[in-house]
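I've put the structures underneath this note.
Two complexes come next, and they have one chain in common, chain A, joined by chain B in the first and chain C in the second.
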Partner chain A sequence: MRLLRSLFFGDRFRMLRASFWALLFSLAAGAVILFLMGKDPVSAYANLLQGSGLLPKVKYAGRQNQLTDFLSFLDAMTPMVFASLSVAVALRSGFFNIGVPGQMLAAGFCAHIVTAALGNVLPSPLAKLLVLVIGIAAGAAMGAFMGWLKDRFNVNEVVTSIMLNSIAMYLITFYINTFYVDPVSRQSRAISDAARLTLSGVRTHGMKADFALAFPLAILVAFLLRTFLDRTTYGFEIRALGLSRGAARYAGISLSRTTLLTMALSGALGGLAGVAYFCGYFASIQPGTVPGMGFDAIAVALLGGNHALGCILASFLITVISKGSVYMSSRLSVEPEIASLITSVILIFSACSASFVGRRGGHD
Partner chain B sequence: MNEQEFIVEMRGITKRFPGITANDGVSIQIRKGEIYAILGENGAGKSTLMSMLFGMIEPDEGEIFIRGKRERIDSPRRATQLSIGMVHQHFRLVSNYTVAENIILGMEPEKKCGPFPMVDIAGANAKVAALSERYGLQVDPTDVIEDLNVATRQRVEILKMLYREAEILIFDEPTAVLTPQEIAAFLDIVRGLRDQGKTVILITHKLEEIKQVADRCAILNRGKLISVMDVASSTTSDMARMMVGHEVSFSTPKAPPHFGSPVLRLENLTVKNAAGFNSVNSVSFEVRAGEVLGIAGVSGNGQNELADAIAGLQRCHGGKIILNGRDISNLSIRERVEAGVAYIPEDRHNVGLVLDFTLRDNLMLKQYYRARFAHRHVMDEIAFDEYGKELIGRYDIRSNQGDATITRSMSGGNQQKAVIARELDLKTPLVVFMQPTRGLDAGAVSNIHRQIIAERDRGAAVLLISLDLDEILDCSDTIAIIFQGHINKIAPAASLTVEEIGLYMMGVKGGEAA
Partner chain C sequence: MTELLNMMIIDGLSFALPLFIMAIGGIYSEKSGITNLALEGFQGVGAFTGAFAAVFLAQSMTGALPYYVSFLCAIIGGGVFALLHALLCIRFRANQVISGVVMNILAMAMTTFLTKRINAAVFGHAGNKFLLGTSARFTVPVLSDIPVLGAVFTDVYPFEVIILVVAVVMSYVLYRTPFGLRLRACGDNPHSVDAAGVDVNRVRSVAVVISGCLSGIAGMSFAYSISANFSADIYLGYGYLSIAALIFGNWTILPAFGACLLFGLARSGGTVLIQQLGLPSSYNDLVRILPYVLTLVLLIFFSRSNRSPRALGEPYEKGKR
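Here is the complex of A and B:
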């Protein structure tokens, strides 16, 4: 009973409630749009679940079933968990890391180049480990650079991260198109199966399934991050800085060190998202674009209340919408963009409800 | 007939804010064409009174008559219609607009360019030039505000009022930001405005200026009108005495002090502000163990900078801060905490507390990293909880959900209790209190004063910086008076009279007289 009351009225679940309402409003808004388009919202939403392997489809192609759909869904969800954690940890210390797309690209690219240069010297587990390490290092370096600019020159991190996104994208596009292009797909050459973080097209039990090896890691990292933020002195300092710069300084917390640490951590998570995306879910990098997932991660982090475990939940929901939209559009012949639309509406609602929750809490 | 004499009459004005009565039945009458000064210490209610005349806040009780007619002034817009203008302490100008653009902002002259209304900038420039000519306020209408110095910006603010045809001009601490030469020029401008038939109201705590320009002077203390004096027939000493001289309304019982060896020693400490000006100017003094040194002074004379420099929040640009024989001037904030400096800052909302933290986490803010509470950077939740509960009990901090309460939701008095509990429990040899009772009710005030005395009796050196003279008198063993960043006088509390302290605070007496 007490749990129930605090779930509805208490302070502890304030963020969770906000996210719940944001989601509900967004789905309702999506339903209205679908209805106006002359489609049945209920079956559209059911299609999303079916496309994500959460409900059985009417029929499956050979070697496909609900489980292969779900495994493929987890493969898509993995980079999203990392990316949203990246945004969330930065927001906890008051920074807006909009540079996740650039960090993802840089990390994925570095991992591609290094593993390609090494060829087949490393055994598969070591190669995969190397990909992860490179992802963390490349992302952390970019994040720390943003943090350094912020701390040293007081440049707004939003501006630097947008610029760094473009710089990373154009440099990498140039390199891929000049030295590293696959002439058939016009993408970067594919990463070797030995180094790829997703076991793709594994034939087992009559299925042909994709196993995202990084998925358990993503869940583990989320739990570790929660413990880090809630239970360590570093986390205490990050949270204090995010809530009150003046008080954090007064308490003797080093603002420079905390800024650098947070942004490096955020970048490292962005880098993990990058390798899970470009060296896992995909095997190659498409030149000329930044991964939109890096931007969607902002919505996911807000929906998850900037909480590590909330991010898992929110990544799950958003991936249902994005992953399931392919099936929905083929079944109902609605444009798959409707899924992006719903995601965007969630962003707006969760941003609004976050400020609503923030405002209600305060009275002096 | 009688009412017609007064252009402004405020009758029985009372304004209450939570925990404090800012104005208590104040009645003033201002004649057309006079310079009327409103004098009082910080928190005496001067600005509140004038904010009500300018419509920024409305009185709880009382009536305002303008030109003999009762008016309800519910907004600055209404005040402007009644030809009341106000120059705030912090100027309200758009810094990348020109002088003329700022002056006309909100009532731009229009001209038609075909069907489109356009701002008549040429006309505005000409009108501003004419106004500045007429009142002797030199400005170039086409200058951009950010290129101008403070005195010129102030003239722009005055022109803004005149452009709106204001007859009653209110100035809130107009000379606080000016140099002595600029002050002289400003006072000339004020005389010029009076000679042109304007009514001028000056909110100030600078006696010298009142003596120079004002015709009459109302003295406020703790929200009450003490007296209205005719300036020509009064001396600055009279006014200073009226301003601070009143019975001390409470006093804290204290035993005679036992001074030990010096704990804090400042040697020619100098702190510059952002503009390069010496906010703290070569200050030297000592605080001994078992001594409360109170620093009295009017707001803005370097008190904040002094406290922040000792705690390490501001860099010191010259001199030394010595704690128990060790030079701490170049230590980081945390190193100073560890060396033994506790600091109760003035701004508990933005500095002293992380308002959105729980009460427990705020109580831990200075100790979370210590070995007792964290092992290899992992915080010991049990130790946190125990310590939080212990402090809450010991310092009687009230909140609705105990140590898990979000600090923002607590009352101001309890928030301050939390800050004080945290700092005093560091048990440091030096405790710096900056305005510890600001905005608190009488009960909380006397409680904090008792804690200050208890710190002294424990053997700590206590530095108490306050704008509230009663607080200084109530707690201090030794009193230092700061004026323009300089310690003007330092003496045992018993050897100083309230009147004397007032004179030193105003710079009437002492080395750096204005």
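Here is the complex of A and C:
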């Protein structure tokens, strides 16, 4: 009973309620759009769930069933969890990591190049481990660089991350197109199956499925991160910096160290998102674009209330929409962009949800 | 050699000026106290409405009229879309950085969606772009014969003139009129503006809408020059580049112009260099990083003395001190 009351009225679940209302309003808005287009909103939303493997489809192609769809859904969700955690950690200490796309690209690219250079020297588990380590290292280096510029030279981290995104994108595009292109797909050469974080096309129990090996890791990292932020001294310092810089400094917290630590941590998570995306969900890098997921992650983190576990829920939700929309658009013959449209409406509502549920005190 | 220099100046200017007008928009918004990462989305929506108008009018009209009407529509489109950012930031007191990012996501989703729909419904063919072609250019007779500087008057896009005129007007309004003074005060000390009997939130809303209008001009210019159409390709991050320019210019118009020129010339200079060295076109991507690296390096030197508007990013609350 008490839990129920705090769920509806208490402060503890304020963010959860805000996100819930945001979601409800946006699904209603999406339903109106679909209705105006002359489509049935209920079956459209059911299609989203079917495409994500959460509801059974009417019929399946050979060697496919609901479980294949769901495993593929988890594969798509994995990088989103890492990316939103990356944004959430930075936001906790008051920094905006808009550089997740760049960190993703850099990490994925480094992992591709190194594993390709090593060839088949390493046994598969070691190769996969190496990909993870490279992802963490590359992302952390980029994050720490942003933190260092911010701390040492007072360079606005938003601008740094935007510049780094573009630099990473153009450099990697250049390298791929010049030295590393697959002549057929016009993408980078595919990473070897031994190093890829997703076991792709595994035939088992009469089906053919993709297993995202990084997914359990993503969940584990989210829980570890929650403990780190809520229960350790470093985590407290990170949060203290976000609540009030002045008070944090007065309390004797080293701003430089905490800034560097936060941004490196955030970058490392961005790097993990990168390897889970480019060396897992996809096997190659598309030149000339930045992964939009890195930007979406900002809003996903917001929807998840900047909370580690909230990020899992929010990633789940947004991935249902993005992944399920492929199936929906083919069933209902609507443009697949309707998914990102609904997503952005959710994000708008969650951006201003703070004023729906009312704010407490004046401390924000 | 002069040939190359001319090419660099001509291409550099046609890239720098749209960036500049967008940066002015950003300065208006940020000087009034509203962080504006949404310029990217504003220019995209502006380009979308403008391009739609141009393609629609071109069905029944010829001549230069669709061209100018398209810019008018781009201004309106960008401004109307900016109202949403103003609504979120001011009325709903959303986090302004997040609102900006969301605006960009929404702009891209909405315009690509609508482009497909409109192409199917109005123009009766499938397609995800509005084809425009590049706009005609003109050369000023006598002035263009001046050595080196003459390049400024050679092969000018008409929108460059529009941008310069608007830029001068906007600088005058920001620095020489009571409205401009109030706007700048809203970003530094909103309570004093309130005490003087001016509605802070209204001034801020107007500022954000202005930034949308100016970004619309920029988006339409890119659509008529670099991309020659409207499609999702218009979202290449130029909006972010202009934000870097305005921060680099310490939130003032003239230094921001310098920054934009720097970006433009670095970009066209790189392209000319690649052509000159006879390298394959994929090397273009390598020199594209020049403006960004330049910005980072220069920001390291100049950020210490940079001072953002004091109340930037904070929703105005009457009772708060």
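By our rule, the second predicted complex is superposed on the first by the 354 of 364 C-alpha atoms of A that agree within 3 Å, B and C clash if a C-alpha of one lies under 4 Å from a C-alpha of the other, contacts with A are read in each partner's own complex, and residues count from 1 in each chain.
The working rule: a contact is a pair of C-beta atoms (placed from the backbone, for glycine too) under 8 Å apart; a residue touches a chain by one contact, two chains touch by 3 or more.
Everything numeric here is computed off the predicted structure, so don't read it as measured data.
Novice: Where does A:L55 make contact in the superposed view: on chain B (first), on chain C (second), on both, or on neither?
Specialist: In the superposition, A:L55 contacts neither chain B nor chain C.
Novice: With both structures placed on chain A, which of the two partners, chain B or chain C, ends up touching more residues of chain A?
Specialist: Residues of chain A touched, chain B against chain C: more for C.
Novice: Should A:L122 be classified as contacting the first partner (chain B), the second (chain C), both, or neither?
Specialist: In the superposition, A:L122 touches no partner, neither chain B nor chain C.
Novice: Scan A:A29 for contacts with chain B and chain C and give back first, second, both or neither.
Specialist: neither
Novice: For A:S340, select first, second, both or neither according to whether it touches chain B, chain C, the two together, or no partner.
Specialist: In the superposed model, A:S340 contacts chain C only, not chain B.
Novice: So in the superposed three-chain picture, is A:Y250 touching just chain B, just chain C, both, or none of them (first/second/both/neither)?
Specialist: first
Novice: First (chain B), second (chain C), both or neither: which does A:R231 touch?
Specialist: first
Novice: According to the stated criteria, A:A137 is in contact with first (chain B), second (chain C), both, or neither; which is it?
Specialist: After superposition on chain A, A:A137 lies in contact with neither partner.
Novice: Between chain B (first) and chain C (second), which does A:T160 come into contact with in this model arrangement: first, second, both, or neither?
Specialist: Touch partner of A:T160: chain C, not chain B.
Novice: Is A:V202 touching anything from chain B or chain C once the two structures are fitted on A? First, second, both or neither.
Specialist: In the superposed model, A:V202 contacts neither chain B nor chain C.
Novice: Going by the contact definition given at the top, which residues of chain A touch chain B in one complex and chain C in the other?
Specialist: Chain A residues touching both partners: 362.
Novice: Which chain A residues qualify as touching chain B in the complex?
Specialist: Going by the criterion above, the answer is residues 11, 231-234, 236, 239-240, 243-244, 246-254, 361-364.
Novice: For chain B, which residues count as touching chain A in their complex?
Specialist: 311, 313, 332-334, 336-337, 343, 345, 347, 349-357, 361, 364-366, 368-369, 374, 377-379, 381, 401, 406, 408-409, 412
Novice: Which residues of chain C touch chain A in their complex?
Specialist: On the chain C side, the touching residues are 37, 84, 88, 92-95, 97-99, 101-102, 104-106, 108-110, 112-113, 116-117, 237, 240-241, 243-244, 247, 280, 282-283, 285-286, 288-289, 292-293, 295-296, 299-300, 303-304, 306, 308, 317, 320.
Novice: In their shared complex, at which residues does chain A touch chain C?
Specialist: Answer in residue numbers: 96, 98, 149, 153-156, 158-160, 162-167, 170-171, 173-174, 177-178, 288, 290, 292, 295-296, 298-299, 302, 335, 337-338, 340-341, 343-345, 347-348, 351-352, 354-355, 362.
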